[in-house]
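Consider the two complexes below, in which chain A is the common component and chain B and chain C are the respective partners.
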Partner chain A sequence: MPTVSSVTLTGRLLLLLLWAAHLAMATNWLSLARLSRSRPVSGAEPCGRLRGLSPGQVGVCRARGEVMESVRKASEMVIEECQHQFRNRRWNCSTTPRGINVFGRVMNQGTREAAFVHALSSAAVAVAVTRGCSRGELERCGCDRKVRGVSPEGFQWSGCSDNLSYGVAFSQTFVDEPERAKGMSSGRPLMNIHNNEAGRKAILHNMQVECKCHGVSGSCELRTCWKVMPPFRRVGAVLKERFDGATEVRLTRVGSRTALLPRDPQVKPPATRDLVYLAPSPDFCRLDPDNGIPGTAGRRCNGTSRLAPDGCELLCCGPGFRAGRAEVVQRCSCKFSWCCSVRCQQCKNTVLIHTCRE
Partner chain B sequence: MGSLSRQAFFQELGSGCLLPTVQQGLEQVWQLLLICLVCRLSWRLGLPNFLKHLSTVVGGFYTLYLFFELHMVWVVLLSLLCYLILFLCRHSSSRGPFLSITILIYLLLGELHMMDTTTWHKMRGSQMVVAMKAVSLAFDLDKGIVDKVPSPVEFMGYIYFVGTVIFGPWISFNSYMDAVESRKLSVSWFMKSVISCVKSQLCLLISNCVAPYLFPYFIPVFGNKLLRKWLQAYENSLSFHFSNYFVSFLGETTTTLAGAGFTEEKDNLKWDMTIAKPLYVEFPRSMVEVVTSWNLPMSRWLNTYVFRKALRYGSFTAIIMTYTASALLHGLSFHIGAVLLTLGFITYIEHVLRKRLSAILNACVLSKRCPSDCKHRHKKELWVYLINGTFSMLALLHLTYLGSDFRPQDGVASHTIQKWTQLSWTSHWLTFALWVFYRLIL
Partner chain C sequence: MAGAIIENMSTKKLVILGVILMLFQAFSFMVGGLIAPSPTAAVSYLATKCVDNEKTHHKNPKWFTPWGPDQCSKIKDFDEAMVKKIEANNIVFAIHIPPPNTEMSTWFQFLLLILHFDIAFKIQNQIADGASITIDVRLAYRDDKLSEWTQMAHSVEQRKLSCNFTAAKTIENEGRLYDCDLLPFMELGSVAHKYYLLNVRLPVNERKKVNIGIGEINDMRLVGIHQNGGFTKVWFAMKTFLTPSVLIIMIWYWKRITQMTRPPVLLEKVIFALGISMTFINIPVEWFSVGFDWTWMLLFGDIRQGIFYAMLLSFWIIFCGEHLMDQTERNRFSVYWKQVIPIVFGSFCLFIFDMCERGVQLKNPFYSIWASDVGTELAMAFIIVAGICACLYFLFLCFMVFQVFRNISGKRSCLPAMTKARRLHYEGLIFRFKFLMLVTLACAAMTVIFFIISQVSEGHWLWGGHTVQVNSAFFTGIYGMWNLYVFALMFLYAPSHKRYGDEQSSADQAGNSGEDTQLTTTITHVDGPTEIYKMTGKEAQE
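Moving on to the complex of A and B:
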């Protein structure tokens, strides 16, 4: 009897832990990037089998299946852009070997890094869906009718401005849904929703203007102009700046509501476009497989700078780095050949490569 | 949901694109149209010619300022330089070549040294028109078509004629002097102005709101990756074409409104200025037809003042020199130069090939439509239509290829080359193949 009772208890506990972990990870939909190309991401039955989606997101998937291909595209954009923006930092958006939690448990700890990824994710969905609209790949959306009147620069909007409002609305529906499902009275969902909205604001505040020239033989006596989305790399760069200036906040009761206010009372409350976080980040120095942190051992670093984030002392968390020589083959003496290619010679050079000690 | 989404798209297109485009189009040109009309009406007041010339100079200056602000000094400088050369060479018989070289030097200096690209690019349309007017006047003086150097006020009136100073087109000095005579106001004159204005706005709408969304919104063709590239190239091309037609019809409007652009036969006056023939470009018989239909006054100018004078060096050389002159008038843009040079080769090879085929087959397959009394034996057989149809399809493909990379801003050389590489240099290879074929059947 003791044996039977012990097994039953352990099973129940494990089930509860798994359920809680699943529910808690709001960026699990990023695991769509791990699906093979041939795997469908729309249709009632395939939606139910996508393990990274929350129940509400499964509902969106079933109801608006035509948009899900854009969401898959967005997940790929997030991982690629994150790894680009953090390529010189200790945590460089490394992905876990498998599973639905693409970046590991660091996303679940209310850290500054989690703030960045949430903002980037919501922006990516808005961008990918809006781009799908502009290319005519998605039905039910067309031009953005809200962009009209005279711009501050003095020309009138015309042409089909990218229908960002559609993409933003979908991003709010899809990406914010797991947070709202958890309720709005605890800190983590509030933080995530704030950062999601900051991501969408990063697009809105960086729209670019394109113009068409009309004039004798293509000269520019007269112009018609419209707005287009910035390239996603620019959105990533903007959010990286927000990341560098993120505000640490804590949950505070204000009357009958709860709000996120700066932990340090001297700091002004964050604006809607600022990133916020609840907990300090780990140092990301040592290997920690349980939390999905690979550490910096073996990373290449910048041996000539002590101040850059990829400087060896910073990246390697101290003096634990070494220099080695390597022979690299580089292109040199490039010449333009008519018509029309560039030909280069292959040159061998010896370079000094610094890496963090194991 | 498909039909609903289409309806939703067109609804939003109307409010989000059609309306703002018309608004913007008219907003930027209504003052120009008004000044043209005022000028026309004032010329009907029986003023002495001196004041007529002066009034159009004032109107011209004001519109130049409207469009270019202080950068208009470059246009003014060019015109003053031209008059100085004409005056200093008033006893010479080589004013044409000399003035051409002077203008060329001025434009090259301007392009390379004097100011930033954006500003120069904005004004080069007007510079081009001024240059063409001055050159044509110089050559006409050499030939005696114009009997003496005009007075300063006449010259400036011609150069700054408010009907053509911004959007062109080029008109000859004698046409301008005819316009100063000031024909009666009439219903046909007014209708011509209104119809051209409506056409220009229509073309602007097509350029801005239809062409960019042709596939798949207007024509539900999606295509695979390869076809998608060509469909997109066609959209870009069409958008550029209709931007050109917009400016051409606008030029017709301003010219007619200001009182020029008519032909007179005995007592029969026709307000019939035509700058571009869109149908001949969009449904071309040949690239030759496209080239002449794109801008008739410029085509006439190039033929009269460049091609015929260069013909003594051979027809191929004359064609290349004509396209070179055209490229220089358009400014030192690698992109435009590359397009025009390519166009020159395409046009020449098609012309000689069709001429040869016409001789061998004794059929109406020339680049230009045969007159009804031509001597060819085969005129309306099915295979004659097939040959002409094939060349028409080729012309469409060339137009798509050449127009595919016209962008709001001028691209650098690598952009043109990149775009043509994307399309596998198709037109270049096809032209080469046709040339080989032509050599084989000589």
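Moving on to the complex of A and C:
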């Protein structure tokens, strides 16, 4: 009997560890943002040491190492943009102090917030890779698509296809890989892949066409048009709107396949660019270190608006806030140029600050 | 006007000729639509931010390469620059043209660069009203990847920023980008080298207010536009085929004229001049651009086009005038000076404008007439005057066409009462005019329709399994069409050699003295008119 109990306990522990490892894979590559900038993110051995990458992503890292610098940039973009879009929310994309799960376990629970982060992540990879192509830092891009022959002859005959197609394809390869590795029959990978695709669609549906007339005397006898990617801030804003209108779904068997359909039958099935989630979100009010939730204690809030999401009653989950005066040192009389250093004077002001009660 | 071939040609021959021309027309459309790629290609470039730590960068300039073995020291964004205490004057934007693993080619014919700044909104660092950006730019080339870069242009340019912020100017919207207009940056009239490098500085000088008040620049984006090499090859082949075709018909036409016992009339001279201008535009001088670095080829092409259009417009006026049938003696160019002056003056204005833009760019590829207020006003003035001349010309032309049709109605009612020779003469005039009117309207309509389609469409259609390049089809089709137009004009309106009997001419000398001068030029065939010709005459009698 003791032997039997010991074997059962060991087996269960092993299964739990494997399960946790799998669950933790989805957005762990965002931990690339935590590496120091001098640390390499390409090369066979450095790739193997990047703990946030899934085995498939390690393979991509080794095979196409030149793209990984763009992936690192994408991870930084995700965190910055997420924190901008959610700056007035209870959950404001706060990051965990350490570890490969940058936003904490909220990302593993099939929540609406996880949906947003997945969409934003896949969009960031597509944008960062496309920009790397436009800077010439990546060698295989739109010009490598064998247009009527091998480059450079294809380029000389009819130009290149656009770099965004390459960026989107790479995003599909890299970001979707951990989900495909889990199989497509359970709810979480399906949700994540759907939301990843929605992120890429947010770019494609917001492309702009710009044109230039350059014929005789500048007439429109000759006119050339090209597509322009939207700024990433705009992509973030679009996905934030999708987040606000996200659809709760559940796994449903349809014939021999499984699909994500709305939990509420009255709701229409989500379009490919809508965000979907499987589980309702916690209220994010109280400190929950295990799940990476810092709570709203100590947060500044808007004391003059009761309806805004950063209004004190909403943000602080009730009447638990207080007002106080504080003397703050602000910069004033600044001399700006178009970049880099700013020379300012220091000014002291007294402002009324509202904060959530502990 | 003497009897032309068109009046004496049988219906069968006219239809055969029409079908042949239609087949050539369809072929010229298909060459562009199916064989050639799209006429131009646009490549997006994002400038790399290089750091220049040296203070002596103005003598023997060092070149900053964005990628490759000797690439510059870079920063990813300007937050990194602040951390490293790098100043605005140490930033060099570097752009390598073309992208990696590709080469520029002389088949590209020109390189046009368009500039776009990504400027973020900051409450304390906004774009001032009427802000202007000062750009210190150098252009270099090399022909293999191991050579040193050779400078080919350096300029300090100003461009007016025209930026809009569509959201509210609040703290929440900081970091969003302004909506800025595209800025013209550079135009090269030839692409003689394989690799080009641009180094751009935005120097800051607080005392002189240079590059102050232009907001916070995140990125510099360029779009490079060039003609596709494949389109160039198809275009050159087409020109090379068309040149001897029109040349041969021109020679044949001149022989026909010189075989006449009388000197050529004004209309015959004008048709010949039209053929010359068509040949001038056809001659594939562009082949030299493949072997020589002639930057003026683009300007030369513009001038040739201008000459052809001026000649075509003048021809239409004179053709209408020569068919007015109002007893006035014409056959002299001086009669038409009122109508021709708008053409000449409008063309001259556009020529001056083109010289001010593309002409100056031969020396300084970064020049743009739109960059300064005076230049913008001058350019607008030239374009407006040319537009007014175009409207005047159109009014004159419409009025003359109206006059011709009015006189045709008048003459038609008198036709049954005329002698046979006089009736055939007027029927010939009417038929010639109506035929050309119809063909010209068809060609003009086709040009306008295809122009609109090429502006509206994405540039290519998917048809069955084939991709049809609409824009290329437009260029080759319309170009081929006007060549066929001039070809048909010279063939059909060449003087006919078929003659009347002598007794007919002598018998009519006793006729109306007012119409003698026109009748003396009549030479028609009694048994050869086309069915259309006969129907026209019959219709007139009824």
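Here, the second predicted complex is superposed on the first by the 281 of 358 C-alpha atoms of A that agree within 3 Å, B and C clash if a C-alpha of one lies under 4 Å from a C-alpha of the other, contacts with A are read in each partner's own complex, and residues count from 1 in each chain.
Everything that follows uses one rule, which is that a contact is a pair of C-beta atoms (placed from the backbone, for glycine too) under 8 Å apart; a residue touches a chain by one contact, two chains touch by 3 or more.
The structure presented is a predicted model; accordingly, all values stated were derived computationally and were not measured.
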For this session: Could you tell me if A:I100 is touching chain B, chain C, both of them or neither one (first, second, both, neither)?
Result: neither
Problem set entry | First (chain B), second (chain C), both or neither touched by A:V249 | neither
For this session: For A:I203, select first, second, both or neither according to whether it touches chain B, chain C, the two together, or no partner.
Result: neither
Exercise. Regarding the shared-chain residue A:R131, is it in contact with chain B (first), chain C (second), both, or neither?
Worked result: second
Exercise. In the superposed arrangement, does A:H214 touch chain B (first), chain C (second), both or neither?
Worked result: both
Exercise. More residues of chain A in touch with chain C or with chain B?
Worked result: C
Problem set entry | chain B versus chain C as contact partner of A:L314, first or second or both or neither | neither
For this session: Applying the touch criterion given at the start, work out whether A:T224 contacts chain B, chain C, both or neither, answering first, second, both or neither.
Result: both
For this session: Find the residues of chain A that appear in the contact set with chain B and again in the contact set with chain C.
Result: 136, 139, 141-144, 148, 155-160, 210, 212, 214, 216-218, 220-224, 340
For this session: Could you pull out which chain A residues touch chain B in their complex?
Result: 136, 139-145, 147-148, 155-161, 210-224, 340
For this session: Using the touch rule from the top, collect the residues of chain C that touch chain A in their complex.
Result: 37-48, 66-67, 76, 78, 81-82, 85-88, 91, 96, 98-103, 105, 107-108, 112, 114, 118, 122, 124-125, 175-177, 182, 187, 202, 204, 206, 211-212, 214-217, 221, 223, 225-226, 228-231, 301-302, 305-306, 350, 353-354, 357, 383, 451, 454-455, 459
Exercise. Touching chain C in the complex: which residues of chain A?
Worked result: 73, 84, 131, 133-139, 141-144, 148, 151-152, 155-160, 162-163, 210, 212, 214, 216-218, 220-226, 228, 231, 233-234, 334-341
Problem set entry | Touch list for chain B against partner chain A, complex | 1-2, 4-5, 8-9, 12-13, 15-17, 20-21, 23-25, 27-29, 67, 118, 121-126, 128-129, 166-168, 204, 207-209, 212-213, 215-217, 239-240, 243-244, 246-247, 251, 295, 330, 336, 406, 408-409, 417, 421
